[in-house]
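Letters are used for the chains, namely A, B, C and D, taken in the order the chains are written, and counting of residues starts over at 1 for each.
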Amino acid sequence: MKPSAIIAGFGPGLGQEIALKVVERELNVGLLARSADKLESAARASSSNVIPLPADVTNPDAVEAAVNHLEETVGPIKFAVFNASAFLKGSILDFSPAEFERAWRISAYGGFVFGQAVAKRMVTRESGTILFSGATASLRGNAQSFGFSSPKFALRSVAQSMARELGPRGIHVAHVILDGVIKGHKHSDPGGDAHMDPKDLAEIYLRLHEQPRSTWTQELDVRPWCEKF
Amino acid sequence: MKPSAIIAGFGPGLGQEIALKVVERELNVGLLARSADKLESAARASSSNVIPLPADVTNPDAVEAAVNHLEETVGPIKFAVFNASAFLKGSILDFSPAEFERAWRISAYGGFVFGQAVAKRMVTRESGTILFSGATASLRGNAQSFGFSSPKFALRSVAQSMARELGPRGIHVAHVILDGVIKGHKHSDPGGDAHMDPKDLAEIYLRLHEQPRSTWTQELDVRPWCEKF
Amino acid sequence: MKPSAIIAGFGPGLGQEIALKVVERELNVGLLARSADKLESAARASSSNVIPLPADVTNPDAVEAAVNHLEETVGPIKFAVFNASAFLKGSILDFSPAEFERAWRISAYGGFVFGQAVAKRMVTRESGTILFSGATASLRGNAQSFGFSSPKFALRSVAQSMARELGPRGIHVAHVILDGVIKGHKHSDPGGDAHMDPKDLAEIYLRLHEQPRSTWTQELDVRPWCEKF
Amino acid sequence: MKPSAIIAGFGPGLGQEIALKVVERELNVGLLARSADKLESAARASSSNVIPLPADVTNPDAVEAAVNHLEETVGPIKFAVFNASAFLKGSILDFSPAEFERAWRISAYGGFVFGQAVAKRMVTRESGTILFSGATASLRGNAQSFGFSSPKFALRSVAQSMARELGPRGIHVAHVILDGVIKGHKHSDPGGDAHMDPKDLAEIYLRLHEQPRSTWTQELDVRPWCEKF
């Protein structure tokens, strides 16, 4: 069996470009997302090496089942990316507690659930890479941004703890701080190279995976050349 | 009506000492915790200025009702402390998702719910102080500590966002990083001044409240003199 | 002999207000600065408890002599504040290396020299407080600000290392991050409480000194309520 | 003229491996160090593409002359690495001020001088990469480590300010936090992949240089898989 990769939080943009790079490197890739339809069409559009894994990342049993399915029918997971996120803004004075919970459930709880399911498998082989997508909001809570920022802080902590626990067991866990707009993202105009090209971002994720274990990066930031920071 | 204070996450130790300092400064103080019995006996033991507010900090309606009750029967809240926390450790390989959620719900969601309920009242008067208790784990995710650390990261982000939104509206929001063991805490032996005296900690909280608005602290750390860090 | 305090980087504003607060607490205070004239008039204007110590903070022998003079003629130093700083801005493309060096020499080397001279005395008594004034630039290198920021980073590191080495020997070392304009400072208009009142800042420094050793703060930030951050 | 690279702080280990990788990518490379002999033999041993540039990195005129020599006789510099550092430990109670200054002069002032000389050239072409080597000590001042840490903090600030000023002018400035022992370094035993292989580190530096400007990293950490952090 060829090794496989798995991407949670698939969608046009970064998730898709990572999937394509993975396929170029001759891995099979499982795409985990809630919408079966979206996944099917993504899978058809890309390659026979793409396996749709319809599952809600906030459901531990569903995620574990999807991971097991990929491991057993396709191949051992050596590369995993958690890219799911909710983007919510609002004032502390009227932000809905239910929305605050929903954002955490997708961005932070989902990351824990996914990371745990994948790590349980990787640890038996003492090898593998798990990457988490963060944001500038992972480092700084701005006014009206806590709905996005608080789960991102929470996720970054999970990534750090996993890196410290799992590194000595052969698993590379890293956190990528995306600072800027991803090109083609719905909130943005194209903007030449003033925005982050998802193909270039995907290359950064793959290169983290390819770092030999003598030199592992735990955290790096990425932004376009002209971004203020 | 005299102004009042409110403390969420009351218990022997820090919460109790803050309550006593508040009463010394001639404020009434509401204690918010789940156990009505514990609160009643605390209230009886301390002073007629102490008002038990039995409510679950993870229940937005109950917290809002408690805040409204205090505001309407005792006096406007000018000082609020969020001190609730769950302390959980364990490996990413077998940590229960339900426990991960429970820790977040108490430490981070509870902080959001409490902070929001209090801020809504304070903002109408353009004054007040809201303090959140953090820990070294608010800054660093250690191996096996994500169950404690991830919610503490999440809470710190809420405190930062609230400070940035509410500061210009006259409300002082600060985050206290407690680095070390609190004396008398169940996990610890007494240890002279090698452990943090809750009376001394309480004084730090009160002094943050007393900072004039020309010079507000948003974050500070506290540890005993001999603590390694 | 009554205990004494020493302030390096004295000038109208923060240094002066700390000196006044120290005198109110019935300590004698030595003011260390290069200009003998400025010191004499400050001393005359304030109180007989104020001792001018003309010395260049970048000259180790002169600083040691001043510290020894204060210790031997006035009293053991229990409180020391390093407040000297050079404020330089400019582009990396044409910033003068000599200016870059000068800024470091005052802000960082001066802090090391002063901190060392004072610590040598305090360590024999296993008690005392040493405070360093930092800035937002201590945490973040902005465009064109490295002339100010780089020495402030360097000084923060010295404060951290001193805290970790000297804490267990009974000496409290802390770093205050001043984020905002100090009222009355030459670059500013008065601005009500939109600027930091040096009297209020001085109170924060004195309260750090008064923290019991069970609860020491190593770093805190201070800014006016309306400051963006 | 083919483009060139320049490495300051050359020595066996990381500097040498970066030079070899640069030559593999068909660039010429100038090695800047104080010892002409060491450089000559390194140059002979490696390749005709290696140009020795004997100069003291703490001497602005010498560094500027070396940069100009490389640009005019070999080719425009598109990749520059600052890797010089002094490693000093000691107690604040007896650390020599002269040693404190020397460490800063090599690690921080040298970085400023080198970065400025290179940036002046690159900015005319609106392209190029400048990398600075940091350490864990760039982020944290440990007991007895300020002689190493304080200059590393200072250098990190310079890198950040340069990145913010020069990014929008097309120059990529990044800071690499090396956390762990480099294999073959004199203080260490070999240790298999428990230590950082300088070849693998060099690859990370080259890949930072090759990032397209839509996705630039400003800071990343690197450590071996089994390193505690």
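One rule holds for everything that comes next: a residue touches a chain if its C-beta (ideal position, glycine included) is under 8 Å from a C-beta of that chain, and two chains touch if they have at least 3 such contacts.
Remember, it's a predicted structure, so these values are computed and weren't measured experimentally.
Peer 1: Tell me which chains count as touching both chain A and chain B.
Peer 2: Correct list: empty, since no chain touches both.
Peer 1: Hey, how far is the Cα centre of chain A from the one of chain C, in Å?
Peer 2: Roughly 46 Å, centre to centre.
Peer 1: Could you tell me the distance, in whole angstrom, between the mean C-alpha positions of chain A and chain D?
Peer 2: Distance between chain centres, rounded to whole Å: 32 Å.
Peer 1: Where does chain B touch two or more other chains at once, residue-wise?
Peer 2: 164 - these are the residues of chain B that touch more than one other chain.
Peer 1: For this entry, which pairs of chains touch?
Peer 2: A-B, A-D, B-C, C-D
Peer 1: With touch defined as at the start, can you tell me which chain A residues reach chain B in the complex?
Peer 2: It is residues 60, 91-93, 95, 97, 100-101, 104, 108-109, 112-113, 115-116, 119-120, 123, 137, 140-146, 149-162, 164-166 of chain A that touch chain B.
Peer 1: In their complex, what parts of chain B are in touch with chain C?
Peer 2: 164, 167-168, 170, 172, 183, 193-197, 200-201, 203-204, 207, 211-229
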